[in-house]
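Below is one structure, written out as structure tokens; the observations come after it.
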Amino acid sequence: MIEAKEVSFSYDDEETNTQKIVVDKLSLTINKGEFVAILGHNGSGKSSLVKLFNCVNIPCAGKVYVDRLDTTDEKVLFDIRSRVGMVFQNPDNQLVATIVEEDVAFGPENLGVPPLEIRKRVDDALKAVDMYAYIDAAPHNLSGGQKQRIAIAGILAMQPEYLILDESTAMLDPMGRREVMDTVKRLNRQGMAVILITHYMEEAAQADRVIVMEEGRIFMDADPKKVFSKVEEMKSLRLGVPQAAELAYCLKKGGLDIGETVLTPEAFVEAFQRRIQ
Amino acid sequence: MIEIRHLTHTYTSGIHKTDAIRDVNLTIADGELMGIIGHTGSGKSTLIQHLNALLKPTSGQVLLDGVDIFDSKAIALKEVRKNVGLVFQYPEYQLFEETVYKDIAFAPKNYGCSEEEIKERVLAAAKTVGLKENLLDKSPFALSGGQKRRVAIAGVLAMNPKVLVLDEPAAGLDPFGREKILYEVEKIRAQRGISVVLVSHSMEDVAAHADRIAVMHDGEMKMCGTPAEIFAQDQVLEEMRLDVPQITKILNALRKMGIAVPEDIFKVQEAADWILQNVPFTKG
Amino acid sequence: MLKDITLGQYFPGDSVVHKADPRMKILITLVFLIGLFTVKSWLGFLPVLVFTVFVIRISQVPFWYVLKGLKAIAVLIAITGCFNIFLTEGTVWFQIGWLKATYEGLNLAGFMLVRICMLIVITSMLTLTTTPIMLTDGIESLLNPLKKIKVPVHEFAMMMTIALRFIPTIMEETDKIMKAQSARGADFESGNLLQRAKAMIPILVPLFISAFRRADELAVAMECRCYHGDQNRTKLRQLHFSGIDALAAVFTLLVLVFQFVIEGMTL
């Protein structure tokens, strides 16, 4: 369980010489095995928030606990970081080694895991992201989606409980995004908690829970259907909703209510058909 | 007008020869907004680098207003690049000057414009992409991601090209930023009356903004036509694993149900309006 | 031209040479390099030559591929050769104006030629059969004793690894930036030296900024994966001396002994 209690984070803005508050007295609980998407426009504080979960950012007020471990306690730093793994945006800037398996081994090596155990973890992690065939490949020869899957494997090899993806699909093409989303969903089904930061509403719609951030605070925290039924609010936050949900909303405004909120074209067509007949 | 004729580009590495693009034919009319869609590795990047002669074809031609751009006797390389402006993906990574003004002025300076003309062009380009004048004296590195990208696009616009080619201008931006930059691309076309080539892997963006769409797959141009013509073939697009926009999927399903939705609707609001007017339903 | 440099490139394979311990390969290479410089007679090259040919054979790297590396330094060899031929005192072979080619010079040039070629071939064999990462591991392991006197051996090896990882990425980026600036009418090819140097600024500035950004992001990513230097660090790949390595060591010693014997006989 990740618990944020009245947590704040700020940094010094060098230009205006002021403290800029990016996370503002925020409280939040994320359970093991959950699939949470975090939405918010650039600068809403979502990236700063998740970096509080693995001690990259240290709170300036309030506390964050990961499985009851205090993130300000230096002694448990590596314990927390191996529990809360993070995949970043640019696939090129997070792979360390020249060979895939060496890169995946990087985390467990740092944790001092015995070599034979590392071997097993590397193989398992690469199989879990469906990249075992590329065990000897050089990262720069892989596609963006493949590189991100290697980055995920590198995190899995630390055997974490929580996997954070900080806009990890932003630089990928649709095929790469699908690869990463499929992998993440599969891992979630196997019990991994996933925290997904994304700009793509269709991706967020696949989560169990969507958190919308604004000005360093939580604006909405509900299941995707509830969140994406608030079309006007989402647009006012410079966000969007999946086109299926938007169409249903426009129809509802015109007097044709097709019932519950739909997130996919299939769901829309089904609900529409029922309503028309 | 740009005419691409039987364009083929073959890469050689070691003993392997691969066709990055194969026998591509395409004509882009003056003032047209042409969308090019395809996966990474489909050859779209290779294709657009031929349009301003950054790459030379293995065979085939590119004609700019009837002149072969690879014929150095007919037209100088620099002249080609001035007329066909190319904005790469993530263009903000090419900024290098101390101020936004100087960075936008880089191209006109390379083409030997007078100080006055440079100023005129920089101001015009900045205005077209929606950069406020008070930003011009700032360092480009102090700007936000979206603003940096505008500076980079203005830097190419300042050449006053006849054709503007943009590779994924909205990549990596949030939904609001994407919409805004694509709106600016349309504005550029409207204000300057130039041809625009918009490369993207987002079907939604291209569908909403392009006059015609060319689909690249495995180095070949598989389809070319109006968005309505392209999206009518959703089966083929799915086979190429290209994403069809949700709205198109829905409307295609409605058509199968026997509701005759016109082919040229790609925007959610338009679709809703049409359905409300044409589909009989009981209120409540 | 750049493509011809085989020095530093890896030729994938599965031979005993590929599988041998990188530490042993580095040591043997060093021994032979020193050996090459102690050779004083033509015949003295023979044992090393035979051994090298033998190693190339069993490594399954094609001969032409190994020799390709020599092409890149052909000019260098030719120039040193000329210096040797014309600047050595001795019996005149032929004369162009005041330049005298001597037989002694010819002999010396030939000797140098063989020495340099052997040197290149032997070091190429090391890099052709050893992945950069193994090479780094090997160097780190060999230099391990220096950690006691506070030499940052691990940090050095990590730097090597990261450099190797990012060279292709940065190369690609350089190419892209050059193209992007060319698209804005930048000209890198004409003008005098000063103008050309100035023309590099639009490439170098973005490249440096991007390299710093990458370094920054990579550092955070490495921290998130619990990197904290080599304290309590283990390694996936363990280096093991095997029977092959012992055999290689014995062979090397034999070759050295032969070399000394031959040298002794001819001197």
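Labels A, B and C are assigned to the chains in the order they are written; within every chain, residues are numbered from 1.
We take it that a residue touches a chain if its C-beta (ideal position, glycine included) is under 8 Å from a C-beta of that chain, and two chains touch if they have at least 3 such contacts.
What you see is a predicted model, and the numbers here were worked out from it, not measured in a lab.
Asks: Comparing B-C against A-C, which pair counts more contacting C-beta pairs?
Replies: A-C
Asks: Among all other chains, pick the one whose mean CA position is farthest from the mean CA position of subunit B.
Replies: Most distant chain from subunit B: C.
Asks: Subunit A to subunit B: how many Å between their CA centres?
Replies: Centre separation, subunit A to subunit B: 30 Å.
Asks: If you average the CA atoms of subunit B and of subunit C, how far apart do the two points sit, in angstrom?
Replies: 45
Asks: Going by the contact rule set out above, which residues of subunit B touch subunit A in the complex?
Replies: Answer in residue numbers: 39-41, 142, 144-145, 171-177, 201-202, 204, 241-243, 245-247, 249-250, 253-254, 257, 268-269, 271-273, 275-276, 279, 281, 283-284.
Asks: Inside the complex, what are the residues of subunit C that reach subunit A?
Replies: For this pair, the touching residues of subunit C are 131-133, 161-162, 164-165, 168-169, 172, 213-214, 217-218, 220-228, 232-238.
Asks: Can you tell me which positions in subunit A touch subunit C when the two form their complex?
Replies: Spelled out, the residues of subunit A in touch with subunit C are 54, 56, 78, 81-82, 85-86, 88, 90, 92-99, 101-102, 105-115, 118-119, 122, 138-140, 154-155, 158.
Asks: For the complex, give me every residue of subunit C touching subunit B.
Replies: Interface residues on subunit C, with respect to subunit B: 173, 176-177, 179-187, 201-202, 205-206, 209-210.
Asks: Under the stated contact criterion, what part of subunit A meets subunit B in this complex?
Replies: 15, 41-42, 89, 143-144, 170-171, 173-176, 199, 201-202, 238-240, 242-244, 246-247, 250-251, 253-257, 264-265, 268-269, 272-273, 275-276
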